[in-house]
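See below for the structure under consideration.
Labels A, B, C, D and E are assigned to the chains in the order they are written; within every chain, residues are numbered from 1.
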Amino acid sequence: MNKRLLALLSVLVIASMALAACGTTAATEEAAGAVTIKIATQSPLSGGQSLLGVAIKQGAELALEQLGGDLTGMGYDVQLAPYDDQATPDVGVANAKNIVADTDILCGVGHLNSGVMIPSSEEYHTAGLAFVSPANTNPVVTTRGYLEVNRVVGRDDVQAPAAEEYAFTTLGAKSVYIIHDKTAYGQGVAEFFKAAAEEDGMEVLGFEGTEETANFDAIVTPLIASNPDVVFFAGIYNQAGVFFKQARDAGYEGTFLGTDGMDSSDLADIAGDALTSGGGMAYTTVAGPVSAYPKAAKFVEDYTAKFGAAPEAYAAQGYDSMGVCLAAIMAAAEAAGGKPTRAQVAEAVRAVSYDGLTSTITFDEIGDLPTAKYFIIKVNATSKDTWSTNEIIDSFDLPSPGKGE
Amino acid sequence: MSLLQTTNVVKRFGGLIAVNKMTFSLDEGRIVSIIGPNGAGKTTFFNSLTGIYKPEEGQIQFKNHSLIGLRPDQVAATGIARTFQNIRLFGSMTVIENIMVGMHIRLKQNPIDILFRTRHFNAEELEAEQRASEWMEYVGLKNVGNELARNLPYGGQRRIEIARALAANPTLLLLDEPTAGMNPNESEDAIKLFRRIRDDKGITILMIEHDMRVVMGISEYISVMDYGEKIAEGTPQEIRSNQRVIEAYLGRGAAVAHEQKH
Amino acid sequence: MKQFAASPVYKFFLFPIGQIIMFALGSSVGLSLITVLLAYVFKFNVTNFDLVERSLLILPQVVINGLTIGFVYSTIALGYTMVYGVLEFINFAHSEIFMVGGIVGVQLIAYFEHLGILATLNQYLVIALAIILAIIISGSLAVTVERVAYKPLRGAPKLVPLISAIGMSFFLQDAVRLILSLTTGEFNVILPQFGTFDEFLLVALPGMADPLRIQIKSVIIVGIAVLMLVVLNFLVNGTKVGKAIRAVAQDRPSASLMGINVSQIISITFLVGGALGGAAGVLFALKATKLDPFVGFFPGLKAFTSAVLGGIGNLTGALLGGLVLGLLESFAASYLSIFTNGAFGAEYKDIFAFAILIVVLIFRPSGLLGETVGQKA
Amino acid sequence: MKTLFSDLYKKLNTGFWPILIVFAFLVVGSISVYLSPRSLSAFLILITTPLILYFMKINMKIKIFIGLLLIIVILPVLGIRNIFYLEVIFQMAVFAALALGLNIVVGMAGLLDLGYVAFYAVGAYAWAIFGSKQMSLLHSIPGAAPANAPFFLDPRWFWLFIFLGVGLAAFTGILLGLPVLRVKGDYLAIVTLGFGEVVRVLALNLDKPINLTNGPQGITPIQRPPLPPEAVMQVFRNLLTPLVGHPPTDAEFYNVFFYFLALVIIAIAILVATRLEDSRIGRAWTAIREDETAAIAMGIPLVKMKLAAFAAGASFAGAVGALYAANRTFVSPETFSFLQSIGVLTMVILGGLGSIPGVIFGAAAVVLLNIQVLQNFSLYLSELRQSDAVIPIINFAWKNLSNQLDPAKYQKLVFGIILVLMMIFRPSGLIPAERRKRELVEDKE
Amino acid sequence: MGKLLELNNVHSYYGHIHALKGISLHVDEGEIVTLIGSNGAGKSSTLRTISGIIHAREGKVSFDGKDITHIEPHNVVNMGLGHVPEGRGIFPKLTVQENLEMGAYTINDPKAIKERIELVFELFPRLKERILQFGGTLSGGEQQMLAIGRGLMLNPRILMLDEPSMGLAPVLVDLIFDTIKKLNDKGTTILLVEQNALMALSIAHRGYVLQTGGIVLTDDAAKLKQNEMVQKTYLGIE
């Protein structure tokens, strides 16, 4: 049996030898034409978290298509290199090394999970390759102080206190029940919220983490018994929507609160009336509702036209991250008078001032947005179509806490 | 002095009494058979002896030590080896390895020896291998050491099972229907082998057997079980003419037919 | 009396329902008693409220939650156990069969909504249609999976079909995703709101100030699950096909010598198991209201655990295992946080489920109702 | 067809052919990887060389020489030119060691373990907790750790922790084994599955009452063992500069360093696995797998031997876990999910249950497939989609391919199909297990 | 009296193992034919090939003039070919009644089934006493009776019995062989595989001797009994 296998293998390999020879010639031919610049994306494209990962990739793809024209005009062939990190660190790091080894790649967009971003960015850092994160809010991502790591989103330790501030001051809540999704994101936000709440003297009636996505009965039951003024859910709308609905159905009448993970029109489809009945629902975000941003409205339109579905969470951030990359490469290419080096691009990213979909993006010395405007959005929508009726009811300008002491 | 002595052994399964007050004694160096109808509790009795079942009542003494409460591997270590009614070889191991598994308790290599391939390990493995091929020849098999056990013909498998049991250097060998599925010719060879084992090696043999030719041909003593109880014991002649045995087990015809054949 | 016991009404209707009620009541009451007892023990640990009072307050609700999810687990577990009984292998792809059932059901309801007739249809009819469609699709999918991925592997070592099933499970997840994204552009499917399922039945309980609120959904889930269990019981124990299934499970070659078409019976087994999984998917969707192609994994895992807990291959065992696991989870998730004052919480419910499984298997290595090993040697 | 292949094999495996073929692979592979470091097929040629070497009939000494040349010289040099290759081989080695460990439990002793990754987690978290700042942060909220906390141990302690990882994992294996020994077959499978989940959930949740694992945030940074002293490094740097084209950086050296470390671990793992297999213990395991009742009647203590299998299998994972934590400088519960356990089991069965060369090959193949071949394939298609290429005969422009059909999204689907097809057409694995022939017995024939 | 069952140069395999190496035999209507031989000679494989559990790779099996070489077992059974397998193949967790009903799986008429069961009970009154007991709890002899009874449920034209006396006490062996004779007297053709060559040859009309997958000898049962080789190897007469 082995013998046959081996013979088969040798045949295959000899065939691939031939292919390899062709491959090399093809590569050299290509090199003779336009100079190629690639921008990588890395996010989960398969598996359970691919909904958001694909959104990042498609947002970036759209940006490249719409904004890459300037670089093409300079005679570069700009390509997207999408990698699938499968939401697992192993694959993420392996891809990172693969990305780093491709010298055409000058900038990258990713990841979705902080758990994948943190180890992968060690590779970007050693290779001097700039990455812009569209989704990682874990403080550690930037507090290591790497030149190459940037993000266009806020930090857990900023927006959670903003949400708490709203609950305590504006809503006058006396008690809160905190639920998170047991991810680095959700738990981080929840912890910061809890700390802020305890500082203000709010009563924390419960603090639960759950990986459950479908049946929240067991959590809802004690929650209702303790009847908190506010329920703070730290997680993604996908899970939160179901939870809100079930909690409301079971008779909870207070206010739901969330963070930027709630920012998706799908939330309204999933949770329906639960968002507006009782004390309603509000969330914090760095991006205002689409109605406030004409550019964002066009984005939604274009995105839907290209991909056949409305953008999910992080699609806009993916778009902006790519925008930052492109702007930085442009700047670096102009400064260098030719194809820039990775180091030049990384410096340029840090120095960028880019007019993004949601705000003007600049980075502080560790790659965070220096001050971010956090909006409190009250949800008025009960279905996807009415998502634009949500209103800004409050906003805070909060500085990045920096590297910490 | 008896080698094995059981007193009032009782084994129940739920409400069913499989072995009932079995008192049985076996002297060293003998060949003894247990016969009886299907479901009479013979195999259950074997399993109680070897620790696979824990009897609810009674005593089992082997070499004057109680076997009650010992696990099967501990029983094996006291010097009782066995074969099974339906051959239970390790099919995907080679013949020689099967026999070497039988030596498990006699081998002294520890993990350090194994990992560092000490001189002790090498010497022991070599010796074990040598002894295994000796056993193979002893039971009448040649040039099959590297065959997978499951690829051997039926008769060969029966022999390996015996070789594997012998490899443990037992004092007592329990054989559960050792000639089932053999033709008279093969049975005859098996009888010769059993005699040889007893005569050369001094190993006491206790077997369960249905084939009356084998039972009568080799046993020095016979116990008859029915419904979990011992209903008779004695020499082959006594058993053959025992009325109760004839009714419960042998049948008149068989007894007569047997007389005719010889 | 004896005659009554042998009558079909008793055998196929009263007895199984009685059994279900007994199991449900028994495990609920048992766990409730343990909880109350623990509440008294831990009473002095918790100072900011009266633990016993708080425990009793939510107890009925916790029981209802547990039973609801428990019945869903039971229904899925039956699919695992049926296949296991006949082929002795864990059909890893069953969680995907379940997922497909749920998604198909939801899509049908969404289609009604799209047509604008959802509000005009009788809500129970809608559910019934969704379940029937799910049963058809899931059942045939299960049969197809069996034909493609398992049938060629008959007689191979045990782990081979297991890996094949894992491969099938990966395949189905992404295949469903592909189909959904091609047709709708995304792969979350959301159950439209319709009918009165979210409303509550109020049941006044003696000695309690507030009435007990039972969601109509829960009643429907339990009701349909019980109905299916009874039908299955009749199918397996009361019909010729059922007997053939049992015969094939016990001795395949000899069944074929009885004139039983073994391949066909195996297909039927998958059909029935898949149908149960599909129906369970719709029930689950009713509860969860949102599904995606990866939603099958956890309920599948739990149902599989239930099947093992009850004694895999044993239909009654799957029922009992599902109920016990559902209740346990519900109790653990709801009470852990209260009892430990927040030190441990709902996140430990899975540990609890598995710990109980391990404890049960230590004392009964073949599950609650499994046969004790060692009968044959 | 069959005879065609076996004839071909016979012809190719006699005389001077084998050595010629191996050299062809080695030279063509090395040169093409050197010239185009990003070419997938070039790398595939190089990486199949050891496999060809394994099968070809060549003098053992030459075999070893070629093997060492490849491992010690060629791969590191090429690897510095494209560190991704070192990563691929590192992961191959990590998963091969895991697969070897699982193979002891499942393949040799026949105990189906669906939670094997738990032991991997134990090893990884052991070094993660002590080799990071975590011990100083036991009372801080996850995510809000002060940045200036001190490291708890010197990075050199890593070497001890590899052994501690072995010990701890073995101990955990026994801990799992003890209560569940009476449980058999599929019941055991679900219990181990549960155990694996328990360990993951613990890693996820032990951020309170005291913050031991930092919960879902994961632990970072974790220290790496120091590189050899500068004087030694300088020698290597000088030696490698002309070959690589630039003076290798410390980061690149770390890649080589972990590559060698992984190779050492896998070499030890292979040695331990083969030696255990060919011993009284290995025979006892096989006997238990084949027929428990018969095994116990031969005097094999079931409890002890099963525990030994669990412990031995787990210990491999423990060592690899510590290595993994240091290499990644980060651990989080996501790495230790149930799917990871399934992945390792898949490698074992794809490769050939119970076959040591088989499971190594299985691990290598799955890793290669997962992080290189499928990724590259979808990258290639993605490039096509961005180009003006057209499928010739049906005149279909790649550009028009629906976004939803993006192959990058369907790697799991392809993997699933491969699994099913493999099981149908090669159920006993790529390199099925074979029993060792005993020379003594052969001599007698 | 024609050839009811005929095998022509049949070769069968288990995986790579060549189990039958060109078996040719026939059974005429109304006969008792016995196959004798050692374990592994191919006796059971012959029966399994006839009933289609394994298929012949070469050669032809025909029953009542029809080619059944590649027909699946459940269809072979329906043509009137009963097979009582080695080891009896009782369904341990079905009752005696259910076991018998399974035997008549392809009959859809409940009344006919009932009649057939009564006939079996006439043959084996012991079974009637155990009607609601699980098959697995019966004694070895009772299980063999049940297996034969079950094989008779479809009223087969030929009944193939694989080692019916295996593991039975001598008293029961007599009973089983008496029954076989009785069945034959009532018109059922019997193909009997037996370890106990003496018993088999004393009730059979003809016999075949198998060795390592081939037929080495065939003759009338009485003549076989006198054959020196048979006497020596299979009857234990020196």
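We take it that a residue touches a chain if its C-beta (ideal position, glycine included) is under 8 Å from a C-beta of that chain, and two chains touch if they have at least 3 such contacts.
All of these numbers come straight from a predicted model, not from anything done at the bench.
The minimum number of touch steps separating subunit A from subunit E is 2.
Shared contact partners of subunit B and subunit C, listed by label: D, E.
Highest inter-chain contact count (C-beta pairs) belongs to A-D. Look at the CA centroids: the one farthest from the centroid of subunit B belongs to A. If each chain is reduced to the centroid of its CA atoms, subunit A and subunit C end up 36 Å from each other.
Look at where the CA atoms of subunit A average out and do the same for subunit B: the two points lie 71 Å apart.
If you average the CA atoms of subunit A and of subunit D, the two centres end up 31 Å from each other.
Here the CA centre of subunit D is 54 Å from the CA centre of subunit E.
In subunit A, the residues touching two or more other chains are 46-47, 50, 182, 209, 307-308.
Residues of subunit C in contact with two or more other chains: 174, 177, 181, 185, 347, 350, 377. Residue positions of subunit B touching 2 or more other chains: 52. Chain contact summary for the complex, subunit D toward subunit A: residues 2, 5-6, 8-10, 12, 21, 25, 28, 32, 35-42, 44-45, 48, 51-52, 55, 82-84, 86-88, 91, 141-144, 146-148, 204-205, 207, 215-218, 220-221, 249, 251, 255, 328-330, 332, 334-335, 337, 340, 370-372, 375, 378-379, 382-383, 386, 402-404, 406, 408-413, 428, 430-432. Interface residues of subunit C facing subunit E in the complex, by the touch rule stated above, are 240, 243-244, 246-247, 250-251, 253-262.
Partner subunit A is touched in their complex by these residues of subunit C: 54, 57-58, 61-62, 65-66, 68-69, 174, 177, 181, 184-188, 190, 193, 198, 200, 213, 215, 284, 287-292, 294-295, 297-299, 329-330, 332-335, 337-338, 342, 345-347, 349-350. Taken in their complex, subunit E has these residues touching subunit C: 51, 53, 72-75, 77-78, 82-85, 89-94, 98, 101-103, 105-106, 150-151, 154. Within the complex, the subunit D residues that touch subunit C are 106, 112, 179-180, 182-184, 186-187, 189-191, 193-195, 197-198, 201-202, 204-205, 208-209, 293, 338, 342, 345-346, 349-350, 353, 402, 404-405, 409-410, 412-413, 415-420, 422-424, 427-428.
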